[in-house]
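Across the two complexes that follow, chain A remains constant while its partner is chain B and subsequently chain C.
Up next is the complex of A and B:
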């Protein structure tokens, strides 16, 4: 057992580092704002908040493991939430209610929309050979544009309240948003750990040529990756729709960068070929816990959050630099 | 002569130029307003800030990196400088604020340069992080808010016209601010650096193949560091000019420009992996984006369609340039990067 932990500590330095940062933060917040932070309500709120960007981060993660990136997550999310809001507005009756039976259909349609947008991204990257940054950047601009055209630039909030009511609900104390996130995360986990897909994308990220000459259908895997990312983003958009109770083309515009930050924090290499879903899940939670914790200090301006995030990202990158290059600041471990 | 035409046909710049020409004729036919003196002057003055940003971004992309922190960097420098001189009750010319802004910009750029050059971390992630830090510092520590008044020297710099064009039909007149000269100066300096200095040739070499550049004797780390300092300086100049031109300091309205600028640079034929691209292409690509953003209204396309068009432009433009590089004789699957002259 001890041997096992030792080995895992050596292999997953990134993950253990996150655990340590999180523990320090939890102890710190426990000492300073204990009763306010450690309450059931607070955790319920946190678990309802992080699924929206959490799902998008999972999408970015798979893309980044293949050596690409997805900058269109927010675009996909907003277009999905806008079209679904419009659809629900047409489906609902005068008093603003919607038959509960429609909700799964709506989700299915949202997933399909995400899949279509993701496939388009994938085709641009795999078949048209456009660098992923540009392809997804262009798609993001395009989708945001479509969102603006559909809404005329304003917010849509006059869709049936039934939707927000159901998604904002709690099942046995657990927020529905988190359940959706859990299903999505389990799906991605299953694909990465229990099917060959996970190993294939890691190989592709390390070297696309090797993957190609090993007989992998590189194009198809890429399309599949962006498709997964599209679905994740669409689900994230559906959660945003419920959390804000409205849809607009420019909601969550800072999530693009935040998702990339989370994924890098979680130990995924921006050059591809390296990364674990457990690290990303931890990072998602850490980012939320940091923000909620900072919000407990009213004297600290909420603008500091972006400073803290940037600083944490740079710090983790520098720490990874030292571990990856085997530079030890303290020579103690040299004997090992 | 034939060789020359052939070469022209292979260049991305030619196509971008033709697209710009076609677009301008389309606008002219639809509205009759494009080739009027005041519209041209308007477009020229709209080019100043995006153009400056594009030059910095172009150099960074050329070296194989990418910089998404420049809007935050420019906002922070512009705000800090304006606020400082406002608090001092400064009444002199624009020269001193400009120098201070350049110094701050150089320091902030050096932070990027240190992480990217000396620690060799991925440029995209580093600049994401620093952008976040700059923004947090500006809004949190400096508690930035909109400044409706700016020092008189800066105000004069923004209002003094280099040239005023009046449209005889509509009676509208447009001013070309003197800042346009700075834009031209930066273009010339960047062009000179790129073409005639070791530093500039080093940027091309590093973008083409970093280890080859190292083996050829380029100081890779130092060049990269210097490059980000230079990009920071250019971005801070753009930030100050923007404040002068708007006659007020709005801390957040530059944020979010990064994507369009990158799009413009890449549309101009700069390879996103680095090593290939020309200054002309960069300026033309930016001009195309500025045109689409400013002139859609002239052909009667509602403003809400703007993003759709920019998005389509990026997607189609990159498909074409990807197709070109795939079929440009380098052989299939062999992504050979050719160095081109600026």
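Up next is the complex of A and C:
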């Protein structure tokens, strides 16, 4: 057992580092704002907030492991939430209510929309050989444009209240948003760990050419990856729709970069070929805990949050650089 | 004048306590071609990096032209007249030949503005010194490997070099290009420039060098005149082992061919290729670099499907449109370039071994961890891959062990036909023998093996039949008994 822990410490330094940072933060916040931070309500709020960008981060994660990136997450999320809001508006009755049975259908349609958008991304990347950063940026602009046209740039909030009521609910004290996230995360975890897909994307991420020579269906794996990312984003959009109780083409626009930050923070290599879902899950939670914690200090303006995130990201990246290159800051002289 | 231009005496270097160099000595006379040989990891690259100032030695003395050099930096090495031509040539592929040649002197002169006229003059003078014909305006990235190397040599000469160190200069060159390189080296010698030629290729060492030094695991093993050296001694110095050359003789050849190729064509690369191979045979395909041999191999593996012609596998016509098709038909392929085609360098040894059969290591579509681990363990053992832990990255291994991983990957797929393009390129002598032995035993067990190589001794030792390509056409076919190196060379050129 001790051997196992030692080995995991050595292999997953990045993840253990996140654990340490998180513990330090939790102790610090416990000492300074203990009672305000450690309350059931506070945790329930946090667990309702992070699923939206958490799901998108999982999508970005799989893309980044293959050596690509998905910049269209927010675009996919918003277009999905807008079309579903419009659809529900048409389905709902005059008093603004929707039969509960429609909700699963709405989610199914959202997943399908995400899958279609993701597949398009995948085809652009795999078949048309467009660099992922450009393909998904283009897709993002396109989808945001569609969103603006559909809404004339304004928010849609006159859709049945039933939807937000159900998603904003709690089951045995656990927010529904988190349950949706948990299902999504479990799905991605299952694909990564229990099927051969996980190993394939990691290996492919370190060299697509070698993957081709090894007989992997590179194109198909890429399309599948962007499809997964599309579905994650669409689900993220559905949670945003509930949390904001409205849909708009420019909601969550800072999530694009935030997701990338989380994924990198979680130990995924931006060059591909390396990454674990456990690290990304930790990073998702850490980012939320940092923001919530800072909000507990009224004297610190929320403007500082970007600053803290940026500092944490850079700090972790610099530390990763040192461990990846086996540089010890305090070098022992080699014995002669 | 001192007897030696360059002396490095009793050099020691440690990396985190591990001895990389254990008191080695290297002495080079003025105007001599000296060969530094040794297997991968023997410390020769470390010594070069110490000489060129990339690493600092932990102890020992270095003298150049009779003066002791205390601390060497890359810049002071160049100023002293020591130039290193690395394997990757350290050139800028996006600039023109002229810019590549002139950029250093422009930098040294601290010029901020570009004077194109000056640059052209500098470049013209540089290429004239070795009589190298090249379009100065060509983009460097468009040149062949050999031409890039020449540019690097020209650039080295511009700084009044007295000692030029070439780190395995022939690795990526064709036979013809190696000849041209040797001619240039002799020209340099005539200008009284010393050459330190780093290589582990036997025939080259004998052909070009006057004196040699051999390292093995960080120690000096032997040094002397090349004239006193023979194959056997050299191999022994390099590896510390003695080898029996084993000429392959097929034991039992199947009746029906595994693969038949009929009138296969790929526009611009090869045409009208006809051959067949049966289980138990090793077929050698050889030819110059542009003879179409690599493209033919890629077509047989589905990477570059042929335009016309037929491929029959076990008598049935097969369409090989992708590597998956080929794998399904029982074809394995060890590609030419291990680093960019064969191996996921940063990934674990284990994952590299199982990646091609990963879909079979499952229990009802799900990953079967136990089966996977057993499979990895089995192949590490079977091919005696030297690693303490299969979870280590493939990049931690030597060239020979890396090639065993690639072999393991394909053997794990249990192919009926194994195609190897340059099976022992960049592999040390010991591993080369081991890999040959593996291939011979595979054929003895009934596998059909195709070896594509321009290493003629390798082909002659291991193949039962030899096919020669020239300009995309078959120019000859010999049985092992009748083939000689000269006969094959005649058909190749």
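Here is the rule we use: the second predicted complex is superposed on the first by the 330 of 336 C-alpha atoms of A that agree within 3 Å, B and C clash if a C-alpha of one lies under 4 Å from a C-alpha of the other, contacts with A are read in each partner's own complex, and residues count from 1 in each chain.
Everything below uses one rule, namely that a residue touches a chain if its C-beta (ideal position, glycine included) is under 8 Å from a C-beta of that chain, and two chains touch if they have at least 3 such contacts.
As the structure is a computational prediction, the values presented were derived from the model and not from experiment.
Touch criterion not met for A:22: it reaches neither chain B nor chain C. Touch criterion met: A:194 reaches chain C, while chain B stays clear of it.
Contacts of A:142 after superposition on the shared chain: chain B is touched, whereas chain C is not.
Once chain A of one complex is fitted onto chain A of the other, the partner contacts of A:103 are absent, as it touches neither chain B nor chain C.
Touched residues of chain A were counted for both chain B and chain C, and B has more of them.
Once the two complexes are overlaid on the shared chain, A:210 sits against chain C while remaining clear of chain B. Of the two partner chains placed around the shared chain by superposition, neither chain B nor chain C is touched by A:86. In the superposed model, A:318 makes contact with chain B only, not with chain C. Interface of chain B with chain A (complex): residues 66, 68, 115, 119-122, 124-126, 128-137, 139-141, 143, 256, 259, 262-263, 266, 272-273, 304-312, 314-315, 318-319, 322-323, 326. Contacts from chain C toward chain A in the complex involve residues 14-17, 58-59, 303, 323-324, 326-327, 333, 335, 340-347, 351-352, 355-356, 358-359, 361-362, 365-367, 391, 409.
Residues of chain A touching chain C in their complex: 11, 193-196, 198-200, 202-203, 206-207, 209-217, 273-274, 334-336.
Residue ranges on chain A touching chain B, taken from their complex, read 69, 71, 124, 128-131, 133-135, 137-146, 148-149, 152-153, 253, 257, 260-261, 264, 270-271, 301, 303-311, 313-314, 317-318, 321.
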